[in-house]
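Below you'll find the structures, each written out as structure tokens.
In the two assemblies presented below, chain A is common to both, partnered first by chain B and then by chain C.
Our next item is the complex of A and B:
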């Protein structure tokens, strides 16, 4: 049986492995190779040269990287605070209403990110859904909150909410009610239960949710383009510009490699800490 | 400790507010799509459905829809096949590199999609493939096939391998077992994986942006119009795309509900006979 399992497991992994080898790992290798080519070439037949990486430091690209990481960090912290009560409700309080919230949140995921962000522009712009009605009602308008750093973070929070909410709810569901009850019986306050019982026991969910939303937000670009009006340039935007307007593939590749190293490192760290079989509900 | 009534009320209210905010932008898009004026401003003075008429007649729109639809259909079919086998390798069989395989397929999901799209563009260029909507299918698959695999895996974790072993003991070959035992057991997972694959491909923008070449999908066109030169067709097409997705989800939910009701009524009938 075991020999058969081994053979079938290997065979059935082949379609996906081959797909990822050809269209994920191979392109990554091409990016890595291009990143050590001289500036503005379009073929790999050149002597290696690390000039693109020095451009990262000399031309101030590290600033947009810091902005992207900072905004991702801010949105992750806000998401953690914002989602905790809701995730708690979904895991422990709501019952049937949890299903309603789950379906509503999942359905919103299927609407293209563009359309949802564009909807916020229509909602928040001067003469938009809120300001326009407010002015028609009271007679004086107010400035639109669009086109700033704050609104970009808001956009990140809005778009990546599901990626924090679901892992967090899964994590909180793993906190046994008996343990909380016992802590209360022994005279613990609400804060003590939160800090010493709930947060440590829900840690896997917190880690997965935070990593997912941080990694996705760090690589995001539509929020700063559509809502932020490029008040701040996102790092992913710099990468895109290097490829398209700049026509400088080696520079774009070097910037990509820097991003891949940061995000990939975090993702690998997170994935190695988590037992996938346990989270996805192995029953055996 | 049971949660107090006031806490419950606050939590329910909070949940409703979050869902409201989640859908508020779509309400704005909906209103914008039926505004008569070419340059939108709220409150809307005159309503009209003329932009829908124009969208239906426009040949650009039908081209965009055809491209998006073909990409989504191909991605769905391939994702279901790959997801079926991938899930067996992920969850069912105990083989040597299983944990490595599990980690490999998580990487593309975490990956920034814009960068992935650009990497694929360079890759296609260096092997001499000219990008078109067919290369976009490949790009979508890199991200969607792993997600489909995860969805089918959840189902694959919950089925009992003894069923397959029993079939094998009675002399069934590997293909017969896959067809007669495994496939029917995983069917609900395959259907939801297919649904996810279709919808995610239909709405995807960052992967299509660099990999469609001269062709264009609906989300790409919407984005182009959003960042440069507003067109009153943007909210209209946005609403059409969203309504299409939601109808599909509704159809799938009703269908699965009907199957469940049908199955339950059959079992109760059997119990009555017994």
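Our next item is the complex of A and C:
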């Protein structure tokens, strides 16, 4: 009976599995193939060469990759520090007030990311909401914080906060209260409880939240375009330019493959380290 | 309350908002004692133990341990340790790491920690291979022993237990009760145990405290609590009991007429002018055969017969209400429901409770 169930399950999932494989893997295969074509061709019927990959190194595209990864790392670290207390409160302390926070954070997702970022531009720009009012009242203006690396990281933190907050709250909710109390009772200090009990037991939530926000931030370009005024170029921006303005599909493909390899490897490594079933509620 | 008490609770009050969970608890626990606090759920026993280990603050009152006041000391600095109801083992650590946790906090060397952990595995009769096992690979009873080993590794002056056996099945619980008593004897530590189960308390404890509505009703050795309860609550909490509302005149003569008292009962069963309850446990009530005579006699019909394993329980309907009688299985009565019987008991098997009728 069990064997039959399994067989039926496999068969009934087959059509959708094939559809998903085609729609996900086929574009990836096309991109992978284009990445080994000579520059600026629009056909796969060419002898493969790796010239596009050497362009990545010779024309400085690695710099924008490093910027993207660096800013993603910075925003992920900031998010982790910022969201831990909030997520802790949502999971253990706030009670019904948690729902209010959840709704407030989710509401922000209802408005397009670009529109929200333009909202920040209007708020922070010279003569904008803050500086304009300040100057009107005091007579002294100050420089806008816009158009720099700092404000891009701020944008990443702002946009990807929900992707860190909710998995983290879920992870912290999985830490049983009495293990924390037991550790304290056995002589641990607040810090020792945090490092030796809470963080290891909330690890699935930490890993999932960090991966989500890192992967999304590494592939983000709106923050650097809108808030950063392209003070630094995001790697995703380079990829877009190569496909559109540059009309160089093989280069765009090669850059994409590099990005996919790095992020995919990181994600697989992260996921292999934690028990994802636990956070999905399939255990306990 | 002797001043020599090792753990001394002075007038402990704990309030949660308007609700008074503990209403003036005074208690003295001696060094090396196995002390059990028994009470129904909601009696405040769990609140009390949380105060003692430091997970909650007392509203008013003082706790002294070994002459030092500890109620203002945070839990991680108190020389006490608790075995949780859920055991609260750390699932991300191996058995060995769990046991070594308190030692690691004290920065003991890995070699010393390991030696101590292996000693404790031996003490709790767990094989040394368990050192590297994962917690999830252990059975319920093994987890219990690991939790105990971890608490003992902390080397507390007092070990608290918050109903750690309540989640286990009957047989395992019985085994562990005896092991725990044995462990108490071997370690010589002071154990303070909380349970709602009278049986658990009777098997293991040196002394028992009964709690009700945030107050201690009675503190005594098990036999005394069982045989000489101070109130109806304690009497009924400690198992099956027959209670007769009685009163006496100035000479101590019983005025209740439903008990067919044997003529010229001269024994001082109750104090003069007593108002209260006369208690007799079911195992002291006898079926009266012809020619036998007891101090107190009642006639009625058999109302029900229940097998309790080694014993048989009878319910007898009499003018004084339903009387419970227990017999050993080998003394089973050859009778059926509705049969007329006479039951009796002697005054030396009774206990007078001066309590509200």
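Basically, the second predicted complex is superposed on the first by the 263 of 284 C-alpha atoms of A that agree within 3 Å, B and C clash if a C-alpha of one lies under 4 Å from a C-alpha of the other, contacts with A are read in each partner's own complex, and residues count from 1 in each chain.
Note that in this section a residue touches a chain if its C-beta (ideal position, glycine included) is under 8 Å from a C-beta of that chain, and two chains touch if they have at least 3 such contacts.
Note that this is a predicted model, so its numbers are computed, not measured.
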| item | value |
| --- | --- |
| Overlay on chain A: chain C relative to chain B, clash or fit | fit |
| Partner chain in contact with A:95 - chain B first, chain C second, else both or neither | neither |
| Contacts of A:12 with chain B and chain C, given as first, second, both or neither | first |
| Partner chain(s) touched by A:113 [first = chain B, second = chain C, both, neither] | first |
| Chain B versus chain C as contact partner of A:44, first or second or both or neither | first |
| Which superposed partner A:188 touches (first chain B, second chain C, both, neither) | second |
| When both partners are placed on the shared chain, which of chain B and chain C touches more of chain A | B |
| Touched partner set for A:139, first chain B, second chain C, both or neither | neither |
| Contacts of A:161 with chain B and chain C, given as first, second, both or neither | first |
| Lowest inter-chain C-alpha distance for chain C and chain B in the superposed arrangement, angstrom | 5 |
| On chain A, the residue positions that both chain B and chain C contact, one per complex | 181, 184 |
| Contacting residues of chain B [partner chain A, same complex] | 1, 3, 7-8, 11-12, 14-15, 18-19, 21-29, 31-32, 40-43, 81-82, 85-86, 88-98, 101-108, 110-116, 118-123, 125-126, 138-139, 141-142, 145-146, 149-150, 153-154, 157-158, 161, 165, 174, 199-200, 202-206, 210, 219, 222-223, 226-227, 234-235, 238, 241-242, 245-246, 249 |
| Contact set on chain C toward chain A in their complex | 53-55, 75-77, 80-82, 84, 86, 88-92, 101-102, 105-106, 150-151, 154 |
| Residue ranges of chain A in contact with chain B within the complex | 1-2, 5-17, 19-20, 23-24, 26-28, 30-31, 34, 42-44, 85-86, 88-90, 92-94, 97, 101, 104-105, 107-108, 110-123, 127-129, 131-133, 136, 158, 161, 180-181, 184, 212, 215-216, 218-222, 225-226, 236, 239-240, 243, 249, 252-253, 256, 259-260, 263-264, 267-268, 271-272, 276-277, 280-284 |
| Residues of chain A that touch chain C when the two form their complex | 176, 178-179, 181-189, 192, 196-197, 200-201, 203 |
